[in-house]
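See the structures that follow.
Same chain, two partners: subunit A is paired with subunit B first, then with subunit C.
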Partner chain A sequence: MPASRFTQTGNYRVRYQQDQTIFATYAEQLSLVVLLLALLLLPLLISKTLLRDVNMIMIYAVAVIGLNVTTGYTGLINIGQAAFMAVGAYATALAATKLNLPFFLAIPLGGLAGAVVGTFVGLPSLRLKYLYLAVATLAFQIIFEWTVGHSPLLAQGGAIILPPVEVFGIKATFLNHNKVWYYIILPVLVVMGLLWRNILRSKHGRSFIAVRDNDRAAAAMGINPGVTKLTAFLVGSFFAGIAGGLFAYFQKAVVIEDYGLHTSVQLLAMAIVGGLGSVPGSFLGPLFIVALDRGMGGLSNFMSERQIFPPGVDAATALRPLAFGLSIMLFLIYEPRGLANWWRLSRMYFKKWPYKF
Partner chain B sequence: MNKALALTALISLASFASAKDITLVWSGAVTGPTSDAGSSYGKGVEDYCKYANSEKMLAGVTLKCVIRDDQYNNANTQSNFEEFVGNEQIPVFLGYSTGGMLQIKGTVQETKVPTLTASLHIGIIDPPNNQYMFLPVASYSENIVSLLEYVAKKERGAKVALIVNPSPFGRDPVVDARKAAERLGLKITDVQEVGGNNLDNTALLKRLEAQGAKYVINQNTAGPVANILKDAKRLGLLGKMQFMGAHYAGGEDLTKLAGDAAANFIWVTSYYMYDEGDKPGIQLVKKIGAQFNQKPDVIRSVNYTSGMLTASIAIEAMKRSGSTINNVTVYKALTSMVGSKKFDPGFSVGPVTFSAKDHVGAETMRLLQADATGNFKAITGPMQSQMFKLIHPMK
Partner chain C sequence: MPQLHVDNVTLSFGGLNALSTVSLTVPEGEVVSIIGPNGAGKTSLLNCISGFYHPTRGRITFGEHDLSKAAPNVVTRYGIARAFQNLELFRGMTVVENLLLARHTHLNYNLLDSILYYGKASRVEAENRHYVEQIIDFMELEEYRHHHVGTLAYGVQKRVEVARALTLQPKLLLLDEPMAGMNVEEKEDMVRFILDIQRERGVTVVLIEHDLGVVMDISDRVYVLDFGQLIAGGTPEDVSADPRVIEAYTGVAEHEPLPQASPSPAQAVAR
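The block that comes next holds the complex of A and B.
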C-alpha cells in the first residue's frame, strides 16, 4: 500500500490487485472530481465558438480512444476509423429519421452498427499484419465512401438532416445547441473513458497488449490472437460508431464529406501526437490538432489578407497541411510517446515536488 | 414553434438595433480544396461590398465586409454560420460549398436567415428546409440539361457520356441528365466518376471511344477536366469527341490549365466574360477591380464576377428592405424580386428574379466555345432550358 492514501511519491504497488486500481490515491480521485466540476462550469466561461471547438475535441477524443484500442493497444494499424465513424453516423441518422428513435437510443445503435461492421472489416486481421492490414482498412474507407455515394437511402452522400433533441424538457435550438450538446457529449466521453479504463484492466485489455507485443508469445500463454484482434476491432469500432452518432447530431446533418480519408488520417495524427496506447493521449491529441488547425487557420487568413507571398504562390493553402505533417513528423522523431509522455513527466515532477530526485 | 418565433424576433430586433453597421459575411474556401475558385469569389464579394460602401448604396448604413475562410470544411461553415447569425445577427448569409450548404440547410430554416450560395447544387433549394436557400444563377442540373438540349438539336440520337466529380456536387445532376436524355432521344452510354487525382485518363477515354460516345459532358472543377482534355489531345480524340462542361468546369481556369487542348470546349454559364468589355456589368467588374487594386488574373476570373453578383443581390435586397434591415425584410425583398422588381446588375446574361417558389436567380444561360487562343466566345444567345422545368419542377 502507498505510505499515504492522499499522496504518493513512488510506486508502492506490491500486489496484483493494487496494480489493477484506476486511482492510486485520494488525490487522484479528487483531482478528477475537481476537473469534472470545472468542466461542468466551462460553458459559462467561454464563448459559443470556443465551446463548439471543445465539443469537437470531445467527439474526436471518443473516436481516438477507439483508434487507440485497435492501433495503440493491439497494434493493428487502422486507416479507416472515419469510415467506422460514418457507419455510426449513418446508422444513427437512419434510426432517428426512419425509426423516429430518440437520440439516447439512436446513438448507441450507431455504436453497435459500427461495432458489427468493424468486426467484419477486422476479419482480414486474422491473416494480415502491419502495412497489409492498414491497406485492408484503407480499402474499407474507399469502399464505404463509394457505397454511400451511390446509395439513394443515404442521400448519395448528400445531407440527412437530424431532428433537434430534447433533454429534460430543454429543446436544443440554434441558440443553445452548443451548450445542450456539451452536456450530452461530456458525460458520454467520461463514460466511454471509464469503460475503456475498465476494459484495459480486465483480461481482454491485457490480451490486447499481449497480442500487440508478440502474438505468438500471447498464443503460447493461452490467448487466442484471432479472437483478441476481432474483439479489438469490435471495441474500437464501437467507440468510433458512438463518436459518429454524436458528430451527426452535433453537426445536425450527416454528409459523407465529413468522414473522408482526410478525417481518418487526422484521427491517426491525433492518436500519434497524443501518444499511441495512452488514455490521456486520446484527449491531448485531439486538443492539440484542433488547436493547431485553428491557429493555422488564423495565420492563413492573416497571410491571405496581407498578400505576403508573390502572386501564384498559395502559401496560405499549404500552411495547414504543412504544419499538420510537420507536427506528426517532429513528434515521431523527438517524442514518439506523444503528449501523453509530457503529461506523465509533468505529473512526476509535481509528485516529487519540491524534491528534485 | 414559439421558440422559433422568439428566435426570429430576437434576430430581427437585434438587426434593427444595429442598423447603422451591418455585417455582410461570406464563408468559403479562401484556402484548401477549390480555393483557386474560392479566393477569387471571395474577393469579388469583398470588393463589391466595399464598393457599395464607397457609393453609399445603403443610406445611413455602413457594411462591414467580412470574408471568412472555411477551408472547404463543413464543420467550419457551420461554425461561421453560428458565429455570425448567433452573435452578429446578420440579415443574410453568403455561403460556398455543396457539402457545407447541404449541412446547414436545417439551421438556415430554423433561423430564417436567407442564404445565397456559390454552389449551384439543385438539392440546396429542393425540399425539405429550402425556404431560405437561394441560388444566384442556374443550377448545375440546369446547365447539364441545357447542354443535352444543344446536343439533341445538333444530332438526335447521339451517344453522350457523363464524367462527374465523385461527390454530391458531381453526382447530383446525373438523375436529371438521365431523365432529360430519355426525353430528348439521346443515349447516355456511361457515367464515370473522376476526381482531382486523375493524372492518366487513357483507360477512361478509350472506354468512352469504344462505346461510341460523341459528346462528353463534364460536371467537375476545371483541374480534372483539363487533365482529361490533355489526354484526349494526346490520344487524338479531340476531333472525334466534343467535350463540354457545366459552370465550374470551364472558364479562364480551364484554358490556363489545359492550354490548347481546351480549344473547342463548350461551356455553359450564366455570366458575362471579361472580354465582353461592352457589357455594363463587365465594365463595372473592371472598374471595381482597379479601384481595389486587384491583380489582372483575379479580375479576369469568372469567379470574381460570380462573387460580385452574389454580393450585389444581397446588398440590393438590403436596399429594398427600407429602413429596417433584418432577415425578415431581406427575405421579403428577395422573394419579391420578380416582374417589374427584377434585379439586373449586369454581371449575368439575364436578370435576377426570385419569388416564394422560385429560388434560382439568373436562370438564363449561354453556351460558349473556347477558341484557339483560349478565350470563350458565345455560340448561343441567352436562353433558358425548356426541358429542365418539366423534369425537375420547383417545389
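The block that comes next holds the complex of A and C.
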C-alpha cells in the first residue's frame, strides 16, 4: 500500500490492477468530490441565462467526446458529427412523440440510432483516408440535411415538439426548465465521460490510438484496422446520438437548423481548441467556444451602446465568425495540443507544489 | 506441425521482380537465416510472408494456413510475428503500452466489458500486464518500462521491437535485421535473446542479418538471395563454401571462402 494516499509522493502501486485506477490518491478523490458538490450547487448560484449556457456546454461536451473518439483518438476526420447528433435527436423525438417513451428511454434510443447510422456511414473509412474520408462524412452531413428536408415524417426539417418531462415527480415547466435539465444532463455527462475513460484503458481504446499512430504496426499486432475504425465510428456516433437526444429535449423541439454543417464545424473547432485526443479538452473546448460566442455578443452590445457602429448594425454577426475562425487558426499554429495542454501543465505544477521541481 | 513453405513465389513491382520463383522451407523450431546484398529482396520476402505484400505468383503456407492472400492482422493471428527493419513502434507510447498493444488478440473481452471495465476486463487486463512484465524481464527492459519509445536509444528501440513481436506469443518470429546499427555489446545481447527465444520458448525464428559471423554461428539453415533469386540454401557450412554465394558477396568468383563460425559475439553465448 502507498505510504501516503493523500498526495502522490512516488509510485507505490504493488498490483497491476492498481495501475489501472483513474483517481488514485485521496487528494485526487477529494478534489473530485469537491468538484461534484460544487457542480450540484451550481444552479442555485448562477443566473438563468448562464445556466442555459452551462447546459449547452455540457451537451456539446458529450458530442465532442464522441468526435474525439473518431477524429482525436482514431485519426478519422469527421465533418458529420452534427448529423449524427441529428440522428439521435430525431430518433429521440420520434420515440417520445410516436411511441410515447419517457425521456430516460428515448435518449438512449437516440444514442443507439446514432451508433447504427454512424457505423454505416463509417464504412467508407475501410477504403478512404485523410481528406477523402472527411469528404465522405461531409457528404453524409449534406445528404442527411436534404433527406430530412424532404421527409414528412420529420416535419420536413421544421419543429417536432417534444413533450415536457417529469423527474421524481417534478415537472419541467417554463420556469424551471434549465434547472431540471441541468440535473439530467450533468449525470449523463459524468457517466458518458467515465464510460469513455473505461474504453480508453481497455484493448479497444489502445487499438484506436494504435490505428491512428501507425496502422501498419497495428495490423502487425493482429489489430484489424477496418473493424477498429468502424468501432470508433460506432462509439463516437453513440455519443453524438446521446448528445442529440439531450439537445432535442433541452431545446424543447428538433429543428434541422440546429444540426447543420456549421454545428459540425463548431464541434470540430471545440475539439481542436480543447486539444484533439484529450478527455479534459473535450470539456474545455466547448467551454471556450461558447464563452467566446457570448463574449462577442457582449462586445457588440458594448459597441452599439457607445455608438461605435451606426444604430441597427449588429456587430455580433460579424464578430462571431471572425473570432471563431481566428481562435481556431491561432490554436492550430501556437498550441496544437489545445487548452488541455495548459490544463496538464498547471496540474503538474500543483502536483509538485510547493516544490519547484 | 506448422512449417513455413514458400513455394515458387514471384513478386513484381511494375517491370521489376523483387522476388523471382523463390522456394524455401522453414522447419519448426529452427533458426533460419536469409542473407543477401542490399536490395536482394529479403524484406520483400518477409512482407509477403506477413501479408503486407501478396505474391504476384506462387504460394506461401504456414501449417494448414494459406498466407498468399491473407491480411497482416490475419497472419498475426495464425501465430506469425514480425520485428520491422525500420522501426515501426508506437513512438508516442511507453514501452509497456507498446507491449500491451501486442496482446490485443489474446484478450478475450468485448466492447461492453470495456465500457464497464469491471470484473472481466479489469481482471484480464491485470493478467495481461503480468504477461507483459514477464517479457520485459526476459528482454531486460525493466529500466525503460515507462519511457516513451521515441526517447530511447536506437539499440534499445530495436530490442523493444523484438520484445513487442515476442509479446504476440508467436510460433514463428520474423526478425528483419534486429542487430543493425548496434554496438558489439548490444549485438551479443541480441544474439543471446534470439537463442533463448528459440530454445526456451520453442519459437521458430527467421532472421535477416548482414553480419555473416553471427548468421553462420546461430543458424540451423541459411538461404541466400541475390537480385530476387534464391541462389543457395543449406547448412551454414555448405552455404559459406558455395562459389555462387562467394561471387554474390565479393563480386569475384573463386575467392576466399566466407567467414566460417569465427570469433563472433555468438560464440561466447553458444559456447
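In this section, the second predicted complex is superposed on the first by the 331 of 357 C-alpha atoms of A that agree within 3 Å, B and C clash if a C-alpha of one lies under 4 Å from a C-alpha of the other, contacts with A are read in each partner's own complex, and residues count from 1 in each chain.
Note that in this section a contact is a pair of C-beta atoms (placed from the backbone, for glycine too) under 8 Å apart; a residue touches a chain by one contact, two chains touch by 3 or more.
It should be emphasised that the depicted structure is a prediction, and the values quoted were computed from it without experimental measurement.
Applying the stated contact rule after C-alpha superposition, one finds that A:I209 touches subunit C and leaves subunit B untouched. Looking at the shared chain after the overlay, A:R201 reaches subunit C, while subunit B stays out of its contact range.
Of the two partner chains placed by superposition, only subunit B is touched by A:F174; subunit C is not. By the touch criterion stated above, A:Q29 is placed in contact with neither subunit B nor subunit C. By the touch criterion defined above, A:P225 reaches subunit C but does not reach subunit B. By the touch criterion defined above, A:A217 reaches subunit C but does not reach subunit B.
When the two complexes are overlaid on their common chain A, residue A:T147 makes contact with neither subunit B nor subunit C. Within the complex formed with subunit A, the subunit C residues making contact are 50-52, 71-73, 76-77, 81-82, 84, 88-93, 97, 100-105, 107, 109, 111, 113-117, 121-123, 125-126, 129-130, 133, 164, 168. Touching subunit B in their complex are the following residues of subunit A: 48-49, 52-53, 56, 146, 149, 156-159, 161-162, 164, 171, 173-175, 177-178, 251-253, 255-258, 297, 300-301, 304, 311, 314, 316-317, 319-320. Listing the residues of subunit B that touch subunit A in their complex gives 3-4, 7, 10, 30-32, 35, 39, 68-69, 71, 74-76, 78-79, 82-83, 85-87, 99, 102-107, 110-111, 123, 128-129, 166-168, 171-172, 193, 295, 297.
On the side of subunit A, the complex with subunit C involves touching residues 15-17, 19-20, 195, 198-199, 201-207, 209-210, 213-214, 216-225, 231, 234-235.
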